[in-house]
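In what follows, structures are represented as structure tokens.
What follows is a pair of complexes built around chain A, which joins chain B in one and chain C in the other.
After this line comes the complex of A and B, so read on.
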């Protein structure tokens, strides 16, 4: 086994890793079943505003719409699930004392920390992909397929995406969601290299996410100037793939800012870990 | 404040006598400072191939700090470390592939089996086969527990698993920090036997720290003593003790005549013993001379044995340092 395989194996051998999967499975099943039972009511509420201006027919409340709805509701909650593993992956070695065996072997600290970071990103991707598969599969089974209607209420417009385009759009949207969650994972990972317990990194990461969201929404000029550079501003990058036309320029800018966050956070973690005295 | 061992059996003499021996570990001026406090300072160790080298000192003396620097867990503030003639920090990976270290207690992934733990830690050094893992577990008596999770293991079993992990990578040198700490007498005996086996059967150099004098007496060939972060003596156990005054318990008849005779010897210090015997403090090298002297004066010598010589030695040099 190489270092990356070892880290992935360790991650997926612990029950806490499956909390995120279990929670997501539960929430998706509950949401979709409840929506199925209340389909008529939801549909009426959806149509109430749109039917004034549009003539809409066909299977509007379909699996794709449900997927977009759940993603929209959950993309602020998934970070917490990501931190359960990302905030623990380095610090737990200190807590359990295994760091003393791990770091006296030939692989360098840089190699160890890089493998851990890649395993963290792998887990992050697995969580988002799992959510996507759960939403889409169950959605299509319970609600069937159809065109996707996205209501951008704040911009006073709705977008229709033909059924044939949706699978590719969803694939891109979930890939972008992984991208934005990678920043959250990177924050938790950095805190994990600084801490010797898992609670600190989890709470710290959530505090950073909340504070950045708050800053991004403050109606002051100083904060408004900062907003374009905050990762929280770009966390909804996935939604842009469900727009028409796809705003590629905005997506590229968001992707670059998110990538820059990841690179800087990992670089700091690497420097910290290489110089860290293992006293535990 | 550092002191050369007064006997000359310490650093200098010991080193000269062993010039031809290969030095596998050498530290020069090694030191570690945490804030304003030096946890270890000017540590100059020399471990030869095949040694069972004990690093002796009371709790908090700086043993673990030194070992952590040797195993790259702590970055030294001063000095350098050479292992197998190579600079540790320049050739870390190569050096550590030939060394196995266990700092304090060996902590494993509790949620994994013993087998999987060995596979993981072994594969960090080289490709390990299933047979090798089972063989290592067999040597330490854990083969039947190979597929049990480590969280079900006792402290002693984890310590043995740590040694299995060391065996697996077939290192040339094994570094153990307080390997018997927290073990019951049976566990301590088992670990000592494993250490002896590693040295005698596997030909490994063993470097271990301890605060237990009895451990040094039982397993060590060479030793260094550290106190308050500073090294105060180094050499072979025999050499260091040979030059020290030691206390012996003496059972002779007639006792009064023997005491009278020994009172006339300037190099013997007598201490009464309430159990009908007497205790004498003499240079270790003059033990046979004293026995010969007593026999020549028609004194019957029933028993003559040393009293915790290493403990005397240790207390003497550490007290000496405290006074300085």
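After this line comes the complex of A and C, so read on.
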């Protein structure tokens, strides 16, 4: 086994890793069952504006819509699940006293920290993919398939995506969701290299995400000027793949800004870890 | 004097009703029809590709659609229903005489007699020679304005629409009005823009049964 595989094995050997999966499974099942039971009410609320002027035929409340709805509701909460592992992956070595044992072995500190970072990204991807599979599979079983109607509430827009385009767009949307969650994982990872316990990085990352979200939503010109550079502004990049036409330019800009965040955060973590004075 | 004035008003209303009555009688023989529909949305708030469907109509008011996938169809003015403007149901006034596409036309205002059922008003532009509704405007009970322009072609003995251009207009917002937010991210704001509906492959008086309209709307095959 190489270093990356060892780190992945270690990560998935801890029960804490499965909290996110369990939580997501519970939320998805609960949401979809409740939506199934109150489908008529949801439809009426959802299509209230449209129904004034249009007769609507077809399966609007389908598995694809449910998936987009859950993603829309959860994409602000998934970061907290990501931090459970990302904030723990380096600092837990110090907490458990295994860091010396780890670093006296031949692989360099850079190799060790890179492997841990890649394992963090692997876990992040696994969480998002798990969410996607749960939402889509259960959604299609309970609600069937059909065209996707997306509500963009703040812009008062309804976007219609034909059924044939949806699987590819969903794939791209979930890939983009992994991309944005990687930034949160990177922040937690950096904090984890700085700390000697897991609580600090987890709470610290949550605080950063919340503060950035708040700053991004303040209606003041000073904060508005900062908004384009905040990673939280670009975390909804996944939604852009469910728009018509797909705004590729915006996606490229968001993807670049998110990637830049990941690179800078990992670079700092690498430097910090290489220079770190191991005392435990 | 009062008698003469009243008689004049009654005479004017009879004339107005005559234009509409001629139109309605023209389609007395139209018992049912089916047609292919292609709908194009030019609405900022609704980004949807063109949709196809099949419409089934039976006089006086039964209608059914068969569509592939999700299909939005305008509630007002989207399909042809000559029985909609039965003269018994409206107070009818002549607004003016106009030239519509180089032909003489009359504009009629229709006010519902029984406002408990509907308080929706209509303004119809009727070609005086062909007895066809070339355009109509309506204001819904919510203050929504809808305008339609209709182009016809002859199918058998009937002139039936081949193209309907519908314009949906938002009522003017009152100053200080705020948007109401409701769950699932839908504003109560209304949709404005244009909808273009093209009809083709009419089949007229094929004897569609009432039971057919009681069944759920079927999925249109590819």
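Note that the second predicted complex is superposed on the first by the 277 of 280 C-alpha atoms of A that agree within 3 Å, B and C clash if a C-alpha of one lies under 4 Å from a C-alpha of the other, contacts with A are read in each partner's own complex, and residues count from 1 in each chain.
Here is the rule we use: contacts are C-beta pairs under 8 Å (C-beta built on N, C-alpha and C of every residue); 3 or more make two chains touch, one makes a residue touch a chain.
This one's a predicted model, so the numbers in the text were calculated from it and none came from an experiment.
**Student:** Applying the document's definition of touch, where does A:98 land relative to chain B and chain C: first, second, both, or neither?
**Tutor:** The first partner, chain B, only.
**Student:** Just checking: does A:59 make contact with chain B only, chain C only, both, or neither of them? Give me first, second, both or neither.
**Tutor:** second
**Student:** Tell me the contact category for A:147 with respect to chain B and chain C: first, second, both or neither.
**Tutor:** Second partner only.
**Student:** First (chain B), second (chain C), both or neither: which does A:106 touch?
**Tutor:** first
**Student:** Chain A residues in contact: does chain B have more, or chain C?
**Tutor:** C
**Student:** Just to be sure I read the superposition right, which of the two partners does A:221 touch: chain B = first, chain C = second, or both, or neither?
**Tutor:** neither
**Student:** In the complex of these two chains, what residues of chain C are touching chain A?
**Tutor:** Interface residues on the chain C side: 44-49, 53, 65, 67, 69-76, 140, 142, 144, 168, 179, 181-191, 217.
**Student:** Which bits of chain A are touching chain C when the two form their complex?
**Tutor:** 42, 45-50, 52-60, 69, 146-147, 149, 151-154, 156-160, 162-163, 243-244
**Student:** For a test of understanding, state which residues of chain B touch chain A in their complex under the given definition.
**Tutor:** Residues of chain B touching chain A: 68, 71-75, 92-94, 96-97, 99-112, 116, 119-121, 123-125, 162, 165.
**Student:** Which chain A residues qualify as touching chain B in the complex?
**Tutor:** 1, 3, 6, 9-10, 13-15, 96-98, 100-108, 275, 277-279
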